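What follows are several structures.
Shared chain: chain A. Partners: chain B in the first complex, chain C in the second.
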Partner chain A sequence: MCDATDTPAMESQPQLQKERVVGTPSKLCVKCKAAKPSISIRRSLYCRDCFVRASVTKFRTALSKSRKRMPVARARVMVALSGGATSSAMLQLMADYQRMELKGYAAEPTYASVVAGHVDESALFSGYDDAQICDIAAAIDIECRVARLEDVFALEGDRAALLELVHATIAPGTTRDQFCVQLTRGDESKPAREQLRALFAGLGSATDREDMLDIIKSFLLARLARQAQCELLLLGDSGTRIASKLVSLTSRGRGFSLPLEVGAETPFLGSSSSGVMAYRPMRDLIMKEIAFFNLWTRQPSVVVPTFTTGAPETASIDRLTESFVVGLDRDFVSTVPTVCRTVQKLELCPEALTAAQCIVCSMPAEANAQAWRNRLTVNVAPSEQSLEHDIAPSADIQSPLSSFGVTAHLCYSCQSLLHFAKPGVALPAFCLENYREQATASPPSDAENDIDADSQQRRESLRLRIEEFFI
Partner chain B sequence: MPRQCDICHEARAIVRRPKTGQSICKECFFYVFETEVHNTIVESKLFKPGDRVGIGASGGKDSTVLAYVMKALNDRYNYGLDLYLLSVDEGISGYRDDSLETVKRNKEQYGLPLLIVSYEQLYGWSMDSIVAAVGRKNNCTFCGVFRRQALDRGALMLDLDHIVTGHNADDVAETILMNIFRGDISRLGRCTEIATSGEGYVVRSKPFKYAYEKEIVMYAYLRRLDYFSTECTYSPNAYRGYAREFLKKLERVRPSAILDIIHSGEAMHVAKDVQLPSLDRCQRCGYISSNSVCKACVLLEGLERGIPKLGISRTKQDVEAGPRENDLVHFEKLRQEALEMRRSRQKSESCQQSACACTENCS
Partner chain C sequence: MSSLEKGEEIPQSKDTLTNGSLSMAERKYHSVVTKPLAKRKGSAVAKDAASSETVDSSSKDSGVTESLDKEPVDKKSYLRIRTKYTSGMELLIRDKETALDHVFEINVKAEPMNMKDLIKYVGETLVLDGKQSAFSREESICPGIMVIINECDWEVMDDLEYVLQDGDVVEFISTLHGG
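Take a look at the complex of A and B:
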């Protein structure tokens, strides 16, 4: 149990103000001013009971702020439960809140019901027991629904097909970025688990794998919520996680969709046509607070492994960012709250509001990602650099005739992800769903990036009608 | 079997390009580097013909390469610019005096006129004397604030239209990260702009915004350019160091991260209801400021009155608004002088053009 204050500040404290210890001269809890303090949060001392109460208040305040900004009337709530410390704490807090409202004198509770949603990752990580996680929910009488990662490869129906990567490249050696995919039936003999593992094995780096895992999990959670008829999804991102995510998303080039991915609310998680509203009510609690909250309320949780658990810090961007932000927060205690406040002050830029969706991550895709990259990098000798824009895309690749380009349907960061992936990698089924939605709904608006956009568009819509006959 | 250059496929490749990983020969490297800077300049429409452009020259690698490349591109593509070297002497013995020698050599080597402005001359305090009064902890704040004004003053003294600085992609990426860590939302929204809007003052831009620092070093090395490279003697425990350390590690994980950060930064948009500081004029010296008295005047007052923390930490003491006797040269005055220089220059040019037969009475 933490009984003392933090270690004194470092000698060199450039520019940021030193936090002054707030507490009565005799060092009592700063709230009740009666009990002996047990924990120091940002240099304020709290006793155990006041701390737990303060954490509960922070959760409820964050929840009601989100409700005011983006209300969902009488929502059925799904709590995303990974089993880790933050989501377990969130489940407890939400269940507690719901119980309190039901017992109270309010005519109607704010939220109609609470269920938990879990994504089983045992296909990728061993030592995983989702029974434990369902137990966490069962212990407080909450129903737990489970989706499996490999479900994204579970093909159903006659129009079942997958997008397979034929050719993906940005920069050196080619004159233009090109992303070509083709439809395949998918190997029905291979179980979905194998296909999932093949996807991850085909990605270029740990960073890309973590990125893809996040994308698949988001999709599955949104789908789980929809299937359970829940209008609202609660995501367990702590303040520390949000700060770290902001930096790592920036480092991956995801600035365009940033406010949706780390903001307090995400209006359409999953896709713009069938997405679900998501809140992040744990954003005001840092990891340290959550750890002690769980300890003192005896909340069980499990360790959720990922690709870079236990790896050195340069294993992936996420790992590096996390270790950096946590380290920085040790030296400057207000780092995490400051970064979280910065997140709240950002909003989507005007182009993002009307942009098409990326078929992989379902986030807004910037229309000129390819052009931006090409402008900055000169790849050809002076003699060849005459006509930049009218070189046919298929001039220098030998791809099967049935392949088509999807460059305009990918965001900057997913282009980078696919660039490093091996050709032949099959994308999850939802990518094709997203593509179909977009291709049939409206023609691509950034036709200037495609050559013969009209004829290509015609070819694509023709293909969609006859794709089931491709062998 | 020696590898062929990936671009021209003729010469032997001697370097691997940090930005793209291509193996290329020396000439192709020069070509792609220079062309990328040229593209940046043209796409952003930074200059127009006849502009008087000052190159912020510190003697370090970025500004030396900048001077070289600006001159080369100006000649090759006929930008029609008048180039000047503008240098700031902070008064750091053992560091700045050495790098200034490099700038003076650059003046001869590139044939560009040079103006040096010094803190001593402008403010009456050199960095050495400031550090003696303030200590080593917050001296970087003084230097940065003073340098910014010094560059603007120098620009007005030469009647320049534009200042270019050698900030490279690594610098811009660090700045974005630093502003995120510090929660400086107003700077975050502005720091990815390639050129400042001017607001009545000299426009400032960064042609190297998309050039990797490693490539600038490679360029300077392969062209055998003369530059001075040492850390400032009052070298900082500045906050930027953290961002730099993070960026260096990030570059090892994924080299394209630098451009990815810039791409993200450009897409960041400040929410409408966020209060941003409004811009005003300093009541003492007329410089641009978000308060009634600009930061440089506040810092100077602190130095004069012997309160070195004034303007650095929150103290109870106040800065008196309104002009005082030993104020800096007012910006209005500098601008009037610049305008007069411009008029007389234009008059003498039109005189020459019209080939008038007047004698020395025409001034």
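Take a look at the complex of A and C:
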């Protein structure tokens, strides 16, 4: 039987041995076995040249694996360039690959052309020079196209309008959260930048702001790629980023669409009707490899600030998971590769393949996400809630438009985001576009709504009967 | 010249530093900078460095000042270490010029200096108040910060225990916010 006395074996069991091994006896590069090593990756030592070559090979391997799902034969490629280390490295690698192919070793280059796409975030963040990022692309003769964040509020045409959030808390008997919006022409005197800042100011937390920023950037990148007639978009997500995204997206309630957001390929980024295919070819390189690659190839990059730059760890979910994953990876070097291997095995569930798209993030929206939210513990019992209607003042509406519900068109995570947003917040113009697309494509099925409402009512009456037994 | 010999007392930080090796005050570091040090509250270093003849206040270039060559430096006991803080690390350092290039002159007569001590020292003198936890943690550097010694990963050469040599170039780069 198991003896509880202290034996040497028992003492050493609880602690996992930390894996940082330094100064191994045979100090030579493991690949060429001739040169002195300059870097240690996952306990293997590499010399500078072998390391650079290995990184290039990893990139090309990842790219060729994704090539099996290429949309057209000779696609035009747009490289998403944020200016940070990973995307700058990716641009260099892609340009180098294209140059190599054009030199004539391949019968026909796999990709027709390469351009760079950048989203200018100076409306929200200052302290970095946007021109430097275009210089990075210009230095290797790549055209750089720029979209500005505030473009999502640039209204054009006479059908132009915005969706404004109207937050109504309804008295007991119906569902807890109702996401109602109304059409508004928006304040045309306010410049797009102001409207953008108002949107972010109206969001609840730093996590929500980062989420909304990601959504807007994805939309703008997809639109840039479409405008440049590129069928393919390359996203600069390193292995470390993918590992921490996996954890943070799950924490934010994006598990339903997770394979699309961290996977090697995303069949459509942006709406399903007019999206582009996106690859993540840097997924096999961890941040350390990218940093050293940039150092030794003298690749310039720019530090682009975000909401949580310089903030403590607990500023947002993303920040927390990043420091968790990076900290773990330092002591246990196979953390990030193991997580990335798991990521590659993820597949969309069958419901996700046929689900409607969320009008905010364009990811599959789980039907009955509302039911999940209703099962959350409430702080205040519904019977004590008073009837509140927070209707924000909206200017310049020609005819009084009533608010309509969009709950069924929102994914779980976007519902959480809007739940904590202030009423009167105007959503970017693409949300209305997505809503119109879906409304014309498939009229709302009233039968389904009725069944839902019916079961809700039955559940509600049952709850009222046993309410007195609740603690 | 004599200021180098007597050094000056680096004010002890509130955290206890002693872990068996020499404390900062005992080591008597003298930091030579390319620009006059900004005034730090209660910092004896600033007062002495400003009056020290080794600081060339009119020099605007980054890089080692001429006055360094004029000092009668005993090569065996004094090391010159050049440090750089790039790719996001400059947000933690007190000013941009220091972050681009900063040279330390270190007295190693009593005991050689290793990376652990350098990290501690940088954390006390160069890092902005309140950001120490983003730079060093538990006697070591924060995860996510790469240390490069003479263009080589520090993990290849003994990590924290690496003993600094004269003329070493140590670069700190941050890989968080990689984009």
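Miscellaneous remarks
Keep in mind that, in the parts below, the second predicted complex is superposed on the first by the 379 of 471 C-alpha atoms of A that agree within 3 Å, B and C clash if a C-alpha of one lies under 4 Å from a C-alpha of the other, contacts with A are read in each partner's own complex, and residues count from 1 in each chain.
What we mean here is this: contacts are C-beta pairs under 8 Å (C-beta built on N, C-alpha and C of every residue); 3 or more make two chains touch, one makes a residue touch a chain.
Just so it is clear, the structure is predicted and the values come from calculations on it, not from any experiment.
Residue contacts after overlaying the shared chain place A:V303 against chain C, while chain B stays out of touching range. A count of residues in chain A touched by chain B and by chain C gives the higher number to B.
Legend: residue contacts after superposition of the two complexes on their common chain; A:T207 is shown touching chain B, with no touch to chain C. When the shared chain is aligned, chain B comes close enough to touch A:R252, but chain C does not. In the superposed pair of complexes, A:M70 makes contact with neither chain B nor chain C. Contacts of A:L28 after superposition: neither chain B nor chain C is touched. Of the two partner chains, neither chain B nor chain C is touched by A:A371. In the superposition on chain A, A:V146 makes contact with neither chain B nor chain C. Note: no residue of chain A belongs to the chain B contact set and to the chain C contact set alike, using the contact criterion stated above.
The part of chain A that touches chain B in the complex is made up of residues 12, 14-17, 171-173, 205, 207, 246-247, 249-256, 258, 313-317, 320, 324, 328, 335, 338-339, 341-342, 344-350, 352, 366, 372-373, 375-382, 412-413, 416. Only residues 6-8, 19-22, 28, 31-32, 35-36, 39-40, 43, 137-138, 140-141, 176-177, 180-183, 185, 188, 210, 236-239, 242, 246, 249-250, 252-254, 256-257, 259-261, 263-272, 274, 313-314 of chain B touch chain A when the two sit together in their complex.
Residues 87-88, 90-91, 131, 133-134, 143-144, 146, 148, 151-153, 155-159, 161, 173, 175-179 of chain C are the ones that touch chain A when the two sit in their complex. Across the complex, chain C is touched by residues 20, 22-23, 27, 37-40, 45, 82-88, 236, 238, 240-241, 287-288, 290-292, 295-296, 301, 303-306, 309-310, 312, 322-323, 326-327, 329-330 of chain A.
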